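Letters A, B, C and D mark the chains as written, and numbering starts fresh at 1 in each.
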Amino acid sequence: MANFASDNVSGASPEILEAVARANAGPAMPYGEDDITRRLEALVAEVFEHEVAVFPLATGSGANALALSVLAPRYGAVYCHREAHVNVDECGAPEFFTGGAKLVALDGPHAKIDAAAVAAAVSGAGVVHHVQPAAISITQASEQGTVYAPGEVAALAAVAREHKLALHMDGARFANALARLGCSPAEASWKAGVDVLTLGATKNGALAAEAAIFFRPEQAAEFPYLRKRGGHLFSKLRFVSAQLEAYLTGDLWLRNANHANAQATHLAEGLQALPGVEVTAPVQANEVFAALPRALVEGLQAKGFVFYVWRDEGPAPLCRFVTSFDSRPEDVAALLAEAARLAGLGGH
Amino acid sequence: MANFASDNVSGASPEILEAVARANAGPAMPYGEDDITRRLEALVAEVFEHEVAVFPLATGSGANALALSVLAPRYGAVYCHREAHVNVDECGAPEFFTGGAKLVALDGPHAKIDAAAVAAAVSGAGVVHHVQPAAISITQASEQGTVYAPGEVAALAAVAREHKLALHMDGARFANALARLGCSPAEASWKAGVDVLTLGATKNGALAAEAAIFFRPEQAAEFPYLRKRGGHLFSKLRFVSAQLEAYLTGDLWLRNANHANAQATHLAEGLQALPGVEVTAPVQANEVFAALPRALVEGLQAKGFVFYVWRDEGPAPLCRFVTSFDSRPEDVAALLAEAARLAGLGGH
Amino acid sequence: MANFASDNVSGASPEILEAVARANAGPAMPYGEDDITRRLEALVAEVFEHEVAVFPLATGSGANALALSVLAPRYGAVYCHREAHVNVDECGAPEFFTGGAKLVALDGPHAKIDAAAVAAAVSGAGVVHHVQPAAISITQASEQGTVYAPGEVAALAAVAREHKLALHMDGARFANALARLGCSPAEASWKAGVDVLTLGATKNGALAAEAAIFFRPEQAAEFPYLRKRGGHLFSKLRFVSAQLEAYLTGDLWLRNANHANAQATHLAEGLQALPGVEVTAPVQANEVFAALPRALVEGLQAKGFVFYVWRDEGPAPLCRFVTSFDSRPEDVAALLAEAARLAGLGGH
Amino acid sequence: MANFASDNVSGASPEILEAVARANAGPAMPYGEDDITRRLEALVAEVFEHEVAVFPLATGSGANALALSVLAPRYGAVYCHREAHVNVDECGAPEFFTGGAKLVALDGPHAKIDAAAVAAAVSGAGVVHHVQPAAISITQASEQGTVYAPGEVAALAAVAREHKLALHMDGARFANALARLGCSPAEASWKAGVDVLTLGATKNGALAAEAAIFFRPEQAAEFPYLRKRGGHLFSKLRFVSAQLEAYLTGDLWLRNANHANAQATHLAEGLQALPGVEVTAPVQANEVFAALPRALVEGLQAKGFVFYVWRDEGPAPLCRFVTSFDSRPEDVAALLAEAARLAGLGGH
């Protein structure tokens, strides 16, 4: 049955599974001393056209929290959107890993912060009573499925430079954003001023694989120790690295993301055409946020369509539909057909 | 080439890889709301003959640190062997996850602590100047490849009860210990007084799979939150759970462990027979610690045999050889033959 | 010269200094095992008409952070006003002592939060992705010098009970609030639903003395250990306790507070009467927030009057004037006279 | 009655109390922006003949933990004696403030560690599995009342330099050690290689005053923020600074220490002369450790003499007697007389 609850409900791409199986041939030194992990750093450097320090990881929360733990001191302030995953969906992981830094929640349309909002929030530098400005964290694509254009990132980076802040990009859905932007990985990251990218693969076809990518490798000096004491250094790391290698090889990441994005766009267009439905955020990646009449929500659920009721208020609850690398066009079509039928527009 | 550096240099059992591939069929709710994870708890309860709370994880350091973080307050004391993995090989993960608890390092032959040593160390209860006695942590099999008999565990549990300490077992190589003991999983754990077992599968055939098993589920109340904020809750958790399910099904864990143990025993017997070689700890699981004449060490290395020089001192450095579920008897034989040749005993 | 920068610029009441000198007679057991500390608990219980656990401390930040560290788990959420001292003026002390709990900043007029705002913010209970609702923290008197009426506190306490939150009152200026309210200490605290009061004495005449007062002593079980490991258990604690004893004896605290409040009221009335001056928050304790024409601000500063320019924006910067137990009426009068002169209203 | 339980049972020197009273004249800017605090730094620099960064504090545990929190990363190792105050008497404060660093407990006669012991313990640098060597911490005078000679400190400093460790001196009883050594403050600290000295005044005549003294001020960059978020920045800091100023002025600290040391020496000589009594550690400061026949212990206690039974074992429990700046010679004499009487040597 069609499940649009999250891109996490999908399994793994066949290419990823095959890479894991291939990685199983023969012994390999543990903890990243294996050949696959070694060549991954070169591959990432090539894909991003920049010297990098790369750390394979297996959860996005771990990747984000570890990245922030080297960018912010324990008395630091990290500026992010109020709805940012790091702020609301990680049960305090950033606070834990940083040793108590404060996430300063900012507002902004469609889950994006802009340079002016950050500039207005930065304060207290050098005053011991206040947490010290340390980093900006943005999510690409954002928690509402919108995408930061390189120029928007660059504007944030300018504020960062002015106040000596690091710029972190939570790229849990970086491939979806990149597919949308049509620019190069470099243009979407370090060329726009990103210092550290936590690149997600899990939501887009991996079993469990993320990477913390430092474009200024010297910032990563403490990372290996923090990763280990966080319990995030895998003994058989080759199996994580193999997923990332397959992910970045032959454009698998972009193919997967393009497919998911296209399904989301199709779904959004179909929903938007229905009476009483409002798509509440631009659909720029693989998520659709839409307010649906309650009867429509309940009717779809009754037919077994799965999606999140994001905010269950009023006559038209806000719903989230997430598409994935393996979302089937026929499932999207079936949902739209059922929705049209429930809205009294259906033919049959 | 024969690699005895660690059981971590091995890949995964075919049965485990197949289970992961099988788990890839169709969508599944994330974060442990999937069917495989649900039935895993029942399976563990059946295997251990006890009600349990089970949390699939992917690294041993994460599993240990999270377990200790619910057993010890931030001002707690955890009694363990000086050589315990939690004390020396996790870069401070237990201190990090507990918020600053202290590991109190105890001595004892062959990496095992005994009840008397713990009883002598426990002090300061109720006195605010001192960290407060909170837990005992033992490793099964130990860091020298020795095994706690159920009676030894029970004696430690008696001390634990007397002082209101929790008893944690780091079971990174629990299957190897169990295979050696020949008792039931229950007898080796809760029947002997263990409160929490961190059961390892990674070293014994999994890609990356561990489980924190609470025999008193009420002690696990905070665990889900701590796991999440530690970055250790996997979105596609079914892929971890599937590994554990396969591991505990059809005695795979014991078959793998028996094979590894047998290779270690064979290796130890062969080494012991050589002049100048001393096996320094009883070989009760899948690790052999032996002091080898330096010429022998260097000769084996020159031939490509891989193992750790554990303590590089004196004329006979202490070496560690670890066997695994897929160690090949012919590799063990080849090592012993080469060693015999180097020792001047070889036939050719 | 008249200094209205803070009540912290004042020294100590003679009664407090005398009590410290008196406490210096003869040896006394350290770490709170002395007679003065022992009888302090009885005195606080009598003053507050309730069983209490009392912990003498020496800084407000320490007192607040320690209190929150027993009320919120490391993955907890503490709801407070955006301007709360715990949120913006303690350099992250609450995050540090709690081990990473999150302060959720709420808005509300004049630095007070109300029950509806908290009720709207509480969310995520039982969901592992989110920090867990744990406590409400309010400041009495608030950071804008306003005061919570017992009924307002009771309304917050009702929300707290409904969601199983603890209610913490940062009473850095509790005496000033109490003097204003004219109710009993009990009515302003536990009778209104406060669980823990951090009672400040430093700003109101002590050298350095605060008290964490638990009205549910069972909530304080971990406090002694947390205090010690926070470095906040004084060896010669009698000298802190003696300050608190003097403070609560013979109504010194209320006399001091009444004096400070009266000076603030007088100051506010005088400022308000000037053209172009706006007192921006009700003056209910010992702080006056007022927007003053820039020329007036600069003119007063040029004459040596000291106060904080709270928000240096626009033609009428917001200024803060704080009065104290020893603010001299003639200094208030002098400031008002000079202000009138600068405003062109002065006679001479 | 004579109380030798601790130097903490004494009150404050009159000079210190007078300084506090003097500091109470008029307003002063808070948080260390006052004149007394400003001139304290110059005074310490003069006394120690070196550029310094000085932070007045009020508890020794706070001072030590804060000092270590800038010297060791959260994954660091701090080498200290097993009996060190930081290791056993601060309820885990160093682990808390460092964010989880590990104190590595070393053995050594009379509570002192030597260079060889540290050199043997340092290991794991650069290996992610292990906590990283970060600092050495020694106590002067030690927890058994012995004193490090400058040469011994210099030998430890050489090891520190070799392994890039910081050298911290817990100087809770630094004045007592200095009085014994007869050298300059500089010779006992930075000239011997100490990086950070936490200088205690509380045990030697202050109400509550300690100072963290950085001889390499650049190491103190984070200290102000860590002090604030630790709740250890006093608003009316002048009252702490005034104690330290008085302490270091006119040799008060050395006069006080000399008196205490002399009483300890006298007490030790008297006890040593009694049959069955063994003084177990050289008496080099103001503490006497002695094994006394149980009957003698109980007899003295029955007469109201107060001291700690340090280790209550066997026929001659180990006892600790601590003298102070205000220990009365007649009390020492009375104790010795009573002891002699109990030992059957007394005349009357």
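What we mean here is this: contacts are C-beta pairs under 8 Å (C-beta built on N, C-alpha and C of every residue); 3 or more make two chains touch, one makes a residue touch a chain.
Here the structure is a predicted model, which is why all the values come from computation and not from measurement.
Relative to the C-alpha centre of subunit A, the farthest chain centre belongs to D. If you compare A-D with A-C, the chain pair joined by more contacting C-beta pairs is A-C. Each chain gets one centre point, the mean of its Cα atoms, and the points for subunit A and subunit C are 42 Å apart.
Rounded to whole angstrom units, the spacing between the C-alpha centres of subunit A and subunit B is 34. Mean C-alpha positions place subunit A and subunit D at a centre distance of 52 Å.
Each of residues 31, 74-75, 90-92, 95-96, 99-100, 128-129, 132, 225, 228-229, 233 in subunit D touches at least two other chains.
Of all residues in subunit C, only 3, 5-6, 8-12, 17, 20-21, 23-31, 58-66, 90-93, 95-97, 202-203, 207-208, 225, 228-236, 239-240 touch subunit D in the complex they form. Across the complex, subunit C meets subunit A through its residues 74-75, 88-92, 95-96, 98-103, 105, 128-132.
Residues of subunit C touching subunit B in their complex: 31, 73-75, 99-100, 128-129, 132, 222, 224-229, 233.
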